Structures are given as structure tokens and as C-alpha cells.
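Have a look at the structure below, then the notes.
Note that the chains are named A, B, C and D in the order they appear, and that numbering of residues resets to 1 at the start of each chain.
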Amino acid sequence: MQVAIAGASGYAGGELLRLLLSHPQVTVAAATSERSFGQPVHMLHPNLRGRTDLQFIRLQDLPKVDVLFVAFPHGQVAPRIEQFASVAERIVDLSADFRLRRASDYTRWYEWEHPAPVWLNKFVYGLPELHREELRDARYASGVGCNATVLNLALWPLYRAKLVEMTVSEVKVGSSEGGNEATPASHHPERSHVVRSYAPTTHRHLAELEQELGFGDKPNIHLSLTSVELVRGALGTSHCFLRQNLQERDIWKLYREAYANEPFIRIVKVRRGIYRYPEPKILAGSNYCDIGFELEEGSNRLVVISALDNLMKGAAGTAVQAMNVMCGFPETMGLDFPGLHPI
Amino acid sequence: MQVAIAGASGYAGGELLRLLLSHPQVTVAAATSERSFGQPVHMLHPNLRGRTDLQFIRLQDLPKVDVLFVAFPHGQVAPRIEQFASVAERIVDLSADFRLRRASDYTRWYEWEHPAPVWLNKFVYGLPELHREELRDARYASGVGCNATVLNLALWPLYRAKLVEMTVSEVKVGSSEGGNEATPASHHPERSHVVRSYAPTTHRHLAELEQELGFGDKPNIHLSLTSVELVRGALGTSHCFLRQNLQERDIWKLYREAYANEPFIRIVKVRRGIYRYPEPKILAGSNYCDIGFELEEGSNRLVVISALDNLMKGAAGTAVQAMNVMCGFPETMGLDFPGLHPI
Amino acid sequence: MQVAIAGASGYAGGELLRLLLSHPQVTVAAATSERSFGQPVHMLHPNLRGRTDLQFIRLQDLPKVDVLFVAFPHGQVAPRIEQFASVAERIVDLSADFRLRRASDYTRWYEWEHPAPVWLNKFVYGLPELHREELRDARYASGVGCNATVLNLALWPLYRAKLVEMTVSEVKVGSSEGGNEATPASHHPERSHVVRSYAPTTHRHLAELEQELGFGDKPNIHLSLTSVELVRGALGTSHCFLRQNLQERDIWKLYREAYANEPFIRIVKVRRGIYRYPEPKILAGSNYCDIGFELEEGSNRLVVISALDNLMKGAAGTAVQAMNVMCGFPETMGLDFPGLHPI
Amino acid sequence: MQVAIAGASGYAGGELLRLLLSHPQVTVAAATSERSFGQPVHMLHPNLRGRTDLQFIRLQDLPKVDVLFVAFPHGQVAPRIEQFASVAERIVDLSADFRLRRASDYTRWYEWEHPAPVWLNKFVYGLPELHREELRDARYASGVGCNATVLNLALWPLYRAKLVEMTVSEVKVGSSEGGNEATPASHHPERSHVVRSYAPTTHRHLAELEQELGFGDKPNIHLSLTSVELVRGALGTSHCFLRQNLQERDIWKLYREAYANEPFIRIVKVRRGIYRYPEPKILAGSNYCDIGFELEEGSNRLVVISALDNLMKGAAGTAVQAMNVMCGFPETMGLDFPGLHPI
């Protein structure tokens, strides 16, 4: 099968290249970059040196392919969606442009009049754990927000069971989440060793939480984001105030029922050792989302801890997983790297 | 004035040495370490190389001094309190042994039968911002918990005004908080670049929050701690759910009234630039606690962000500040290092 | 084919497990740890959670296997070599115990009377790039020193051509090189952000340089090691003073002739971009050794820069590569992870 | 005494502000920034929040002062030197524009026709350890290169004694050395955890080494620079090949004779403990240059290890020290911060 990546110069694009070049069922036919066309892809993605002779081409030269991955910045996919659809039977779009079902949500969260609202319902939210069946028949899958995903996967079993009154979620994120453009805030002397509140009260990814965790109600979720010293990775800490008193074994049961057969979700909760709860440190390059929890004694607070690699399960990994589902490949194909320890 | 440090081999002890050796009004007469006696203090505190010829002595050789700082591990001060009181008119104890007013709190939080309960009321909780007047007349001041302090200072104006229904607080901490003993979890390959939940639902420092923020009620605070890649520093993120709707200017007023004259508290909330909220990164070595906040639109959540250096404002800095108050020295004496940028 | 790992609790052992569990031609029959027997291997190697149910067994319970990997500490393999040889047709030993050909070198460099000198010549130095043909027929392959390897691969084409008068080599290394035992120097607050000279004038790995780069003479190499803030990775900077004036194209030719067909060596020397020379940053988890160089204008100094992951090409990766050669598998089998960017 | 800083928005300018605001003998009358004039200085230097109300002014509004510090980029001071000299009796220039004595050296090393060569001999190279007597009478002092200083101080006693045949020096540097402008290479995901060769064979600071270490001959020094994960700090490792065999005690004697009375140089060479050799880690914010050494057994190689904070002893600290000498203040005034441990 032939695949291509439109907008392959960024970090998610590079990660797609890494995954797809090793995927047994696909051939990467093209990767576009308007700024770097003509250059070998390993100039921007130095880990691919010696792995491919592929060079960036212009978007206008994109060949017809079976699956097109789009890794453009937000807001730049929807205006070109007809063009993209004309070159590929199937599209997996990593941007935010088709993640939300309602055009009005784009007005509200992105302050943006969606230019192709008729396309919104053609896309399936591309998180197989929540939309596997719809993805099997889908031609178009959206990307997922990395912060949204680390929380959606952690909270979904609880919200589906309508157990949660209110949640305060904090996500700690690494610097790759900001993309590959240098800014004053990403300058190493300024970004190094921060514990920096960058969105204390709101973040656009909340839109994806409200959409995916609704189950009839608007979920009551309060979100904060903090940058930490890390390149890859996100840790979600969700303080869920439950409607009823539950025991630890009830929570175990709930998560097991939800995720026992999920190849990329691991319940991490052990009594001994250093890695007793999920940690992004050991997930770099892997497609896992690890989930753990602890009940507060004497209260209705359940702390759910979740970790993933924002470029993998939070972006390119889930995109390839979605393609696997859409194309009928084994779901873990090309995504079997377990992560490194120590690192 | 002559001062001494009992238990000067640890990180807080080293920081006390650094501060007191430069303090214009005191002379460091002695520093004890049972394990390293006879060695120059700069063997363990290499930043003091060339600054002092002081050598560690044994506790049994401690001379009489005007002020004794005690930087022993928790649980090891109370059994020796009579001995310490016999060598010094005034004591500033950095351990947890005299922070709590009620012996029963030690049973509950430390699972420890306090061996000298009669002494508990002789000690003043050594945080000048909350207990300045009592400290002026005190002979004995306790230390403060670093995590407790980053939250107590952030929350005190709100709880004093009885504005808060419930708080979820997350503290992100550096590795120096764990002391100077190597453990499997502090081994560099394992501790490097963690975002590690180490106390998701409870921590002993909550006892100090409940004690200092009570104002007649038991404050409803839920606490989580997460280790991040940082040696020095703590960031508190407190999600306060308010009993009434407040505007940003109300919050400003509240904090200004509480802290306008405090030399070590800065309200940090600016619209531009990289450092818009408090950050521990630029506080290493300084005695500041920076505090900022953001109100969530459309809800009663107020996010209060606070930062400090756990070894300074969270330990040795506040201890020296307490001594300054107790001895009638200018409160900022010896504590004027502003911190570094970049770092 | 059945393989086992004796001493699988350390970092090299964990990396062997990661590689061998995914290797298409082998089954991991057993992994031993005297301290952790009975525990699942993922307790110590948390990246393997969900990947295997394997538990550590005792050395005494080691089954017969086709290939035995030994990842014991130095000095603990030679005394047990007969025992190891009795359970496996082939052995790949990662320790230093069989790297040197002459027993007298152990006396000199390790201050150790080798207990099984007769075995020294049964072992082939396990670096396929230098000893591929001997490895094809070998039953026993030694491990390689990580610092030795990052220099041996960089210098071998030059020394083989007898071009070098004298070399000053500096290796900058990460913390995983020290193994998984916590020490005062590896305690995170002390190890974090070091640029620490730990072996300014000598290091045992020099023995492997002298052995492999001799070509009739004792090579004149001066070695220094410096620890830097990194978990995985080593960068070698070798200042080679050449016997004759060479042009850049001569050096290119030399390296191309030596390594053009090597699957794990990449010559990295580009004019533009951020990654113009080899860097360990992008090699974590990969088996590459990247090599680059620069000639000093107006002198006979050639700076050769080489980078690798000390746990991979510097230890477990090369060990698996050696097994592939010994067993007739494709040399890159199980070693195709390209590394991550950014990280 | 009134001082001003022309070009105070950069890292060295911020460090000058930090030092001069606390200096007992001076008042900071003005700080200029063309880009940020009108803003409080703490917007760019957040550690100074609450310490000063000073705002940046335009260069054209610079008042007359007693001492003017110039922290402009290289090449931008010389064209304005008459203007600067008209507002201040004394100038300390941190740029490279007046470090070299010969205009021809600027042509060679900076590929730049010096626009004010007549001024070159009015300036004294501003390193008090090497030029104290000249500085006492000087009106104009140049800055020093940070990489040059970490090597000049390490090598000067040896070169003065004409003991060295040849030196290979490697300097490992932090990211603040590159200034405060964000670039693709300084973007956190790219700069984080590098061990990156950025000047393998040459660097302009070599000009300062040749000038200061000449003693009649051109010193034979080969220089390489490597970026490491660090914000502040530089470590120099100099491999000196000596003309004669010396014992360790000879080297001790040499350094003691040279530096025994130097307030900012410490000879660091101890047998035990973690900090046996100089390390930049514990020098952040201090004005020390720590120097240590080790003789290689059986060769004429002496490894000299030197460390400093590139923004302090390598820039602003030495500039203030030079001012102290020029103005007759105690040399350590305002420079007594010992550095932090741990950090």
C-alpha cells in the first residue's frame, strides 16, 4: 500500500516517517515540505539518516496514494480538504481541524469559522480505544490532541459509568508538544528545568474531553497545563470526585472491563519498586498509554494517573494505529517498540 | 552572636552554613556531624571551599551558643530536646518534631508517639509571614515543611477570609527534597527526567496545612505530590473552589492586603513575557515565595500558583529569617540573594 | 533457538531482554537474578511491562540453551566459565573478563589474576566490525567496553593505515554507564548537570584500545573521561595528530573503504542543519555508531567525533549483533530501531 | 559612584545588573535597550523583580556616569567608542572589540576591519589575575572571552614558566554562552541533552589564548568546543604535553606561587568525595575559577581541569572585578556569592 505524508517537516511528521518507513504493509511514496523540498528527509529528522533516501517534495507534486497522512498546523487542513481527498482514498489528519463534530465548537474553542463544516461528519475521531468500530469503516480519521488523549483514556471508563461528579486535571508536558519552531520561550536557557504554568485555567483540548466524555451530560472538568523539563511525554493527574464510595477493587474492575483487551493500554499500579505509577519517562517512542490510580482515604477523591509519549500515542502513533484499523492490518503493526529503560 | 548547627551534613544544614557564614551579625561557632566529624565542612558542601576552615565536630562537643539550629532527621530532635536546650538560649529546629501543636497529630500523621509533648507549646511555627509577632518573643521556633510552605503562603489570604470551599493542590518538587542519602529511586538513571507521582493522595505536610489554614474549621484540602526533573524548587498549583464569585481585582486586593509589606513574597502575574507566573527555576538560592493566580472563566475555580526554593524559603532560608525576627535583626539580613537568570 | 541471560537484572541485562524478546529467531528461555528471583522481569525493567511474563530465576536453575548471554559484573564470569560452558554451546559474555587476549593485561589493567587464562584464546573480541570473520566460526564472544568501542570504531581506519602519531581522546559519558547501583555520586542532586572529570588520565578501557589498534605497535593514545548530563550515550572526541598531511577527501576515502558496507556505522559530516556531527542524543536505543571528523587548518590535527548508545552499540546491541554473526542470522536482525528525534 | 550599562537586555547585561544593584559602592543610574526601552528591567531579568524599579532607556538618553559597562554584541562597540567615552570617565567593555592588541588579529580571527584601531592600546585586557597592575591605572578595560578565560587561567602558570610543548584543550559549555536569541539549534527539543561538537577545530577565543599565553612564542594550542546539557558553566580540560618531567608537587608549587593570593581562584584536587576536581555545577552565580590537575603516569601529559560560570568569571563577574580594581574598591566587593550546593 502506498502512503504519503503532507507536511512532514515537523515533529509529528518525522515520527510518522519513522513509523511508516518500518511498517511491513506500507511504502512511503512521498513526504512534503514547502520550506525544505528537495532536501533529504534526514536533514530534519536526523534519526532517519541511512534509513531512507526520501526527499521532501512540494505539496503540489503529491502523488495519488492509498492513505494520506496530514501533519499540517491547525487551521491549514480544512481549507485544503478537497485537494487532499482528491489524491487519497483514505486520510488520517493529525491536526485539530476535524476532531470536533460541531462547527460551533470551532467558533468557541478555536475562534475560527470552520471553512468546511460539511466534512466534519465524514471524519471519525481517530482514537481506536473509543471509536474502533466506526474507524473500521471510515475513510477519514481525525487526529487526537495529546493532552486530550492522556485524559480521555484515563477518564473514559469512569465517565462512561457516570461515576464522576467533578474532575480537576493537571497535565505536565514536555517541550516537543510546542512543535519545532524556536520561540523566546523555547530557547534552551529559558525552557530548561522549568515547572511553568502555561495554561492554568483553560486549553483547547478541553473541547475534545467534553466531546468524548459527555455521555449525555457536559462533563465537569477543570484543566491546567504545566510545562516540565522533558522533551517527549505527558503525565495527566486527574482528581476525580466520585458520586459514590467505591473500593479499589471496583476501580480495578472498571478499568479491566474497559481495557483488558486493549493492546496499548496498561494498568500500572504496583506496591513495590520505583515505577509504581505511570511515568512518561519510559514511554518515549512507544505507543502505550499507562494508567494507574489511587483512592484517597476518607474522601471521594480518586486520583487517576496517566502517561504517554505525546508524539506517539498522543499523535503519530495513534494515527498509525487508526490506519491499521481502517485498513484491516493488525492493530499493533509497526507500533511494537516497547520503550527504553533507563533513559 | 554565636550560632551552631547540630546536624550540618545534610542539604538543609549546608544551606544554613552558607547563609550563616555570610550573615553580618553571627559567627558560626560549630557544625556537627557524627559521620564526618574531623572533616572540613567543604568536603560535603563543596560550594564552601575557600570560604571557611570550619570542621565538623561531634554532637557531644557542641559548645554553648546563643542560637542553635537543628537540622536532624525527623524524629531525632524531640528525644534530645533537653540536651539542645541546655546549650542554647534559642533554638530553631528545622525538623518536623515541633511543627505541630498537638501530640495527637504526631500519632496520626507520623505514626509516632511524641516523646516530649510538653515542649510542643514552647515552640512557635517558624513561618514569619504567619507568626511574626509570636516569633519576636519566642525562644523556640520550629521548622516548616517545604511543601506545606509553598501552599500555606499561597492559600493563607484566601482561607483567612473564609473564601474557599475546597482545594485540590498539586506540588511538583525537585530531588533535593529527598535529602542527601542515595536510594534506588534517586539513582540518576532512574530519577532523571521523571514526572513521577510519589504521593498521589496524601502527604504528612497536610498536617501543617490543616493547622495553619484552619481558622476554626478543618480546611478541605486534597494534596498530591509529583517529582519532576529539578534539583531545587517546588511549584504549588492550588485549584481553589470559592464560596462566592470574585473578580480578579478582588483577588489582587486580598493578596496585596496580606502581603504588601512582606519582604519575601512577590505577587507575580504579568501579561507578557516568558515568566508570567511564579516559577521555581529563577528562585534557586533566594528566599522568595512568588505567588500568582488565574480565575477560570465561567466557574468558581481560582488557580493559585506558588513557587519557592525548598532548601531556602522551604527550609534554611525561613529558619534564618525566623532567627532574624527572634533576635531583632533586620528580617532580610543575610537573605538578600536575588536568584539567577538564566539558570 | 533458545537463549538465556545470566545476570539479567542490570541495565545491560535489561537491554538484552528488550532486544531478544523481539528477535524473530530466538526465544528467551530464562533470565537469572540472585537478588530478584521469583519476580517478573518487568519489576526491574518497567519498559517490558505487558511484553513478557518471564520471571527471574536463580543461576543454579539455568536450563540448557543454544546461546547464553552473560551480563555479570566484571570479575564474576571467569570463575564460573566452565559452568556457563556446560549449559550452552555458545556464549556471548558482556563483561570484561574475556576481552583481553593476554592474562598479563588483566594483571596490569584490572589488578586481577585471571582465574581461567586458558579460556582467553577461546574468545573472540565481540566487535563484528573488526572481527566479523573470526566471529562466524566462534563459539565464544567477549563483550566490548563502551568507551573502548566509541573510540575503536572511530580510530580503527586511521590506525590500520598507520597514519597516526599520537591521539588525545576524550569520552563524555552518561550515567547509565555506571550501572544500576545507587552510590553517593549517582544521587540525583549530585549527579544532575555535571560536567565531571572522573578519569582524567587513565581508564581500563584503554587496554582494549591498545589491543585492537596495535597493528604491530603500541598505539600512542591518551584518554580522559568526563561525565555529562545524559543517561544513555557516549561521545568520543579524538584529536589525532597525523604523520602526514591529508586532505579531507583522503579521510573520507579511508572511512568509506573501511565502513561503506557496515550496517551500523554512519559517516556523519554535513555542512548545514543542527546535527552536523555525530551526537548520542538521537542514538538512544539504536545500534548505530556515528562517526564524523574535521581537519584543523594549518596543522596535522584531525578531530574524529564518534557517538553511540553505551547500552546498545556499547554493550547489548553489539552482543546481539555478535550472536547474529555467530548464528548466521542477518546481522541487523532485532537491531533495526532507528532512534528517536526529538528526544 | 554612578554606573550605567549600555546594552543591558542580554544575559551578561542582566548579570551586570544583578551584581551592580547589590554593589555597596555604586548606584546603577541607567540601563539601555533599544528594543525594550520603557519596560522595567525585570521583564527581561525576572530574578530582579521586586529588587529595582529601573526601566530600560534608549542609548541616546544615556546620562554621564563614572563607569560605563558596555554589553553590546561583538562588532557594535568599536564604531561607537567615541560616543561611549564622551559619557564616562571609565569604560568596561564586555564585547570582543577591544580584547586583542593588534588590529591585524581582528582581520584574521573576526574577519573584520577594526574601525577604531587607535583605541586598541588604550584598553587593558580585563582579567585582573593577569593584568592587575595595568588595570589599576586604566581608564578602559576590555571584556574577556568565557572560553578563553577558563583556559587562560588554567594554563597561564605553565606557559609563563615555558613548560608546555603543546596543548589540546576541550571546553564543554552551557547554552547561555550563545546569548539570549532563540535559534533553531537553541530550541529546547533540539538543544536538550546534547553532547554536541560545535567548533571541533577552531574558535575565535583562541586569539585571546595566543595573546595572553605567548611569552615570546606563539603557544601551540589546539582547541575544541562541545556543547553540553547545562545553562551556565564551562569546563576546560587541557591536555598539556610538558617539555620536562615534573612531579605532582612541582605542579602544586607552580599553581600556588601563581594564585595563592588570588581571591577568585581555588586549586581543587582532593582524594575523596564526589567533588574531587573542578566542576561548573557548583559555581553558578559565583565568581570563582576552580583549577585542578592530574599527571598521567608514564607520560609527559598533564591534564589541567578548570571550571567557571561563563556569565560570571567568564563575563560580568570579571567585569565587576575589573571595575573594583580600577576604582580602588576591595576586589571581591559585590562578588561574594559562594555558589549553591546542591543545584
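As a working rule, a contact is a pair of C-beta atoms (placed from the backbone, for glycine too) under 8 Å apart; a residue touches a chain by one contact, two chains touch by 3 or more.
Please read these numbers as outputs of a predicted model, since none were measured by experiment.
Chemist: By label order, what chains touch subunit A and subunit C together?
Modeler: Chains touching both subunit A and subunit C: B, D.
Chemist: Could you find the chain whose CA centre sits the greatest distance from that of subunit B?
Modeler: C
Chemist: For the two copies subunit C and subunit D, what is the rotation angle that overlays their Cα atoms, in steps of 5 degrees?
Modeler: 180
Chemist: Averaged over CA atoms, how far is the centre of subunit A from the centre of subunit B? Could you give it in whole Å?
Modeler: Roughly 39 Å separates the two chain centres.
Chemist: Per the centroid of Cα atoms for each chain, what is the distance between subunit B and subunit C, given in Å?
Modeler: Each chain's C-alpha centroid was found; their separation is 46 Å.
Chemist: Which subunit A residues reach two or more other chains?
Modeler: Answer for subunit A, listing residues that touch two or more other chains: 11, 176, 180, 184, 189-190, 192-193, 231, 274, 279, 342-343.
Chemist: Mind pulling up the subunit B residues that touch subunit C in the complex?
Modeler: Within the complex, subunit B contacts subunit C at residues 11, 174-176, 180-184, 186-193, 231.
Chemist: Taking the complex as given, what residues does subunit C use to touch subunit A?
Modeler: Residue positions touching the partner: 11, 14, 18, 21-22, 43-51, 176, 180, 231-232, 266, 268, 270, 272-275, 279, 282, 284-286, 288, 290, 336-343.
Chemist: In the complex, go through subunit C and note every residue touching subunit D.
Modeler: It is residues 168, 170, 172, 184-185, 189-190, 192-197, 200-202, 222, 224, 226, 228-230, 233, 235, 237, 239, 274, 277-281, 292, 294-297, 299, 301, 303, 305, 307, 342-343 of subunit C that touch subunit D.
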